[in-house]
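For clarity, chains are labelled A, B, C and D in written order, and residue numbers in each chain start from 1.
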């Protein structure tokens, strides 16, 4: 089994710098021939940095990671890490079915110099909670960058056990969590348990685009908003308002973003799945805003048609983004 | 996007030789260091061929395909194809999340000379039926070997639409189906619809180890039994009895195999998932029977303990296999 | 808590007469005003008895039990029990959410003189396997007629544990099982375990309309076919062929019934759920065959339209039933 | 079909008084013989009113409605309505599988003088969204009290379509919604859509005990907290703080209640389901606080053991409630 150990310094993980703020999961622009459009990707990164984001997450669900061959993944990681040049931390998703496959992705991400990796529980295989824990411990053991757990039951079809998360946080196995469960009561319970346990260095970020202000108020450290691709300035404002205790302004910004978020329903559910609709809308919006050249999504996703793209255009106009 | 076209002869797919008989999904033996144990794999292949199987399926669920890095997958394909040398057709699973990733696996399998590839619907991504059809058509378009659909809802979390299967069969997109739904009523309905449509070349194989005789009686063309790893002779006998119309003998053999199948419950459900228990039991049985050297399963699976292995041993003895 | 004990003779349950053969789950005909149409119900019973069925099951899913107020349920039980007059055993479904509510239904059914009651696991409430066992034991303790368990995960959203079924069979709590899981491998495994345990009096009936011959061949004692409402003679023939070992004729009859079964898809899935389509088709067929006066189904089910009823008519003609 | 129309005044529904504030779903105390303990129930009502609640919801999930025979339900409704005597509005759950059965419960609740009824989508039957709409419209048509929809996917196994909710609100079919989905992003989206549509009279209450302050901040009208049984004063304080814009104090009260809520995990998941644990803990807490005489829950729920009750006791002490 290939070892992934790159940096042996154990102290690096012992006190990881807590990840905070707005960390958008960066879309992956394609050429019409379905290659990674690195120029568009660089522009998208610039757009994010200009928007004031605090970090970037590449190869997550909004990056169409499940649709990208390994070579595409490598191009994304190399392009983004080189282009960002350390201005903000870049996390890399290492999404695959089970441990050894995840470790391959992790090895590449660590070699490329990422600030952290993001892993889900195993999927496709039917997995016991004890096996999820073995999985996450094995990844952390072999990767000397912070490991973030990604709780995404809509894709993984199981949910991470909160007690396990806390145990792995206490043991220094996990540096943080991206919570995409949509369960804000569970999120709040976990935040309280984290504080009770004094796990101050453990970052908890919400993946919900629509309850960022309330999640921050509950104690979340940040947000990983897919919609941040389209409006990073909006999420950065929202975060700053929240940190400044200006909750009314935060709520107004959140409400504007909530209405913008409805572009994810642009694609007809009779013709396509939610991935096609949401990612098609994000990319259509980025093209309409002049950030990327081509709005195509990876197969087998179904493209938005002209009238559906028009829904996106009108929503951008309503949100003062065109 | 890389093209996977290897053999342009369109007639090759127009009338594929129907796949029939016993086609075990071959386990992947590992060394203690978690490399593919090619010597054990060759012995396992010899054991299968000696058992009288009609084909082999590598890189399916019983092969721990979800647990294997690409290099391991390549080693399995090369080892098996070289060792089999055309004695029986070898199908290769191209299990991955979405189209482009599946095509990468397919390209390698076709280059290596496989007789067909086996693909599921997309998973992890949330997928609409129309997208499943786009997916399968895209794979068939680019791979000039027969494509078999793999219906495995327990892992994929969606089910293939029977009308789509028939449509893709009629269009020459699919050469066959491995039905691991466990829904024998649905299987029978599909078999009848296939016959009504005159789709004689379309192979339908059941993935159920326990209802092989009845599936064959309903018109199924064969079986892909995980338990066939442990007792290929048994499944070959069962198949021959069925083909000869000796249904009483077939049922008796099926009943013996049904009791043997209970080894998949050897591992405690309090300690491990069903994958760990079933594949751990198959490998423990293969080691006990002297076919493979090491019964380890890939991480994060939990190993059987001694008392659980003893359950396997006793079941083998009861089935006259030790 | 009301006691339901009616007949204290404990020996009655100790050796229950095994239930065997064709036991259709009888549809509940309504008047246009949504009252139970007792005249049509009597004709339907006569039609079933004339068809040669071995028993009747009222207030099951095909009876629209979930749609019937208690008064309607009482009318059905009284009408059928009086009309049958002991010619065949009549089982009564006692379908409700949890124990005390089920016991109310059970008390009424026992008082009315039924031959047995049929209960599911609790539903709506989130239930642990240990609670399912408490539930079934509580029902059996208080009802001195045989209790049959009804395994219907599509409605109940949990599945009965096979080990529990065998334990309750051995303890005399359960007299039998209606298996509507659609999992014929699981059914066969249970049948083998029953035989190994010597539980000869424990009846196992399949609820699958499409695999009756193979289920009987595996050792099932009978079938509870919703489609038997429409063609009781067909299922009775199939059963007699099977019992006589005439498996070819049984398979031909099963194949005819399989094609007839496709009427359950008559209703458009864009407009209605599967209940509406299947029960609407059964009732439309019964009206077309002249057995019942009105094909209406209970609210909120959506009625079949004329073209959908025409699909049913053509299927009946093809099956030589018009 | 029995008509349920009681009060023909159509204007009554046209402008229903919006329901707001804390509306606890009242537990149902039992005697050891499993009858409704009306004395304890009256004390519980007094305790709630003393706590400052704004309304009461009887026969919801926390009332063990799924476990209560109709006679028990009637006793609860009569006892509570008589005891409350119009001090606060009392909503009554009409939880049953489908339309006609729900209408029976609704008729009784309306006759008894309730302020509104609360209904879920159909369950047990497999239901299409169009059928859910037929169901809710049929109930509203026949009941001249406000109808509240209850979205509880964990029990009903489907989720209400937000577009349907808004349509039924606009049509005056629904007076409000109890949202127990746990999906606060969806709740916020619905609240925004309600405001955009000018549906000012439509009440939306959250069923989440742990995110009340943020739900109120998003615009929710109130909360239906199961934990309110145990600490109505706490939820009333939280609500008043929120209404006064004292969000820091609201958050502190919410945090105290969040920690108290952990009593729902008192029962071992190895021995019992979540219903048994949560309702067992609520009732144990009510007994420990001297409100009810007996903490028994209805069968087939498993009782908490002494050490589990001790967990509840310690949590009450920590929350300053003992």
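Here is the rule we use: contacts are C-beta pairs under 8 Å (C-beta built on N, C-alpha and C of every residue); 3 or more make two chains touch, one makes a residue touch a chain.
Quick caveat, the model's predicted, so the values are computed rather than measured.
*Asks:* Pick same or different for copies chain A and chain B, depending on whether their interface residues overlap by over half.
*Replies:* Both copies, chain A as well as chain B, present the same residues to each other, with over half of the numbers appearing on both sides.
*Asks:* Among all other chains, pick the one whose mean CA position is farthest from the mean CA position of chain C.
*Replies:* When every chain centre is compared against chain C, the largest gap points to A.
*Asks:* What is the distance in Å between the mean C-alpha positions of chain A and chain B?
*Replies:* 35
*Asks:* Quick one: report the Å distance separating chain A from chain C, using the average Cα coordinate of each chain.
*Replies:* 50
*Asks:* Scan chain C for residues touching two or more other chains and write them down.
*Replies:* Residues of chain C touching two or more partner chains: there are none.
*Asks:* If each chain is a dot and touching chains are joined, what shape do you get: line, ring, star, complete or other?
*Replies:* Graph shape here is a ring: one loop, exactly two partners per chain.
*Asks:* Name the touching chain pairs, would you?
*Replies:* A-B, A-D, B-C, C-D
*Asks:* In the complex formed with chain D, which residues of chain A make contact?
*Replies:* 182-186, 188-189, 192, 208-211, 214, 217-218, 247, 251, 255, 258-259, 261-262
*Asks:* Can you list the chain C residues touching chain D in their complex?
*Replies:* Within the complex, chain C contacts chain D at residues 1-2, 33-35, 66-70, 72, 95, 97-101, 103-104, 122-128, 130-132, 134-135, 138, 154-157, 269, 271-276, 298-302.
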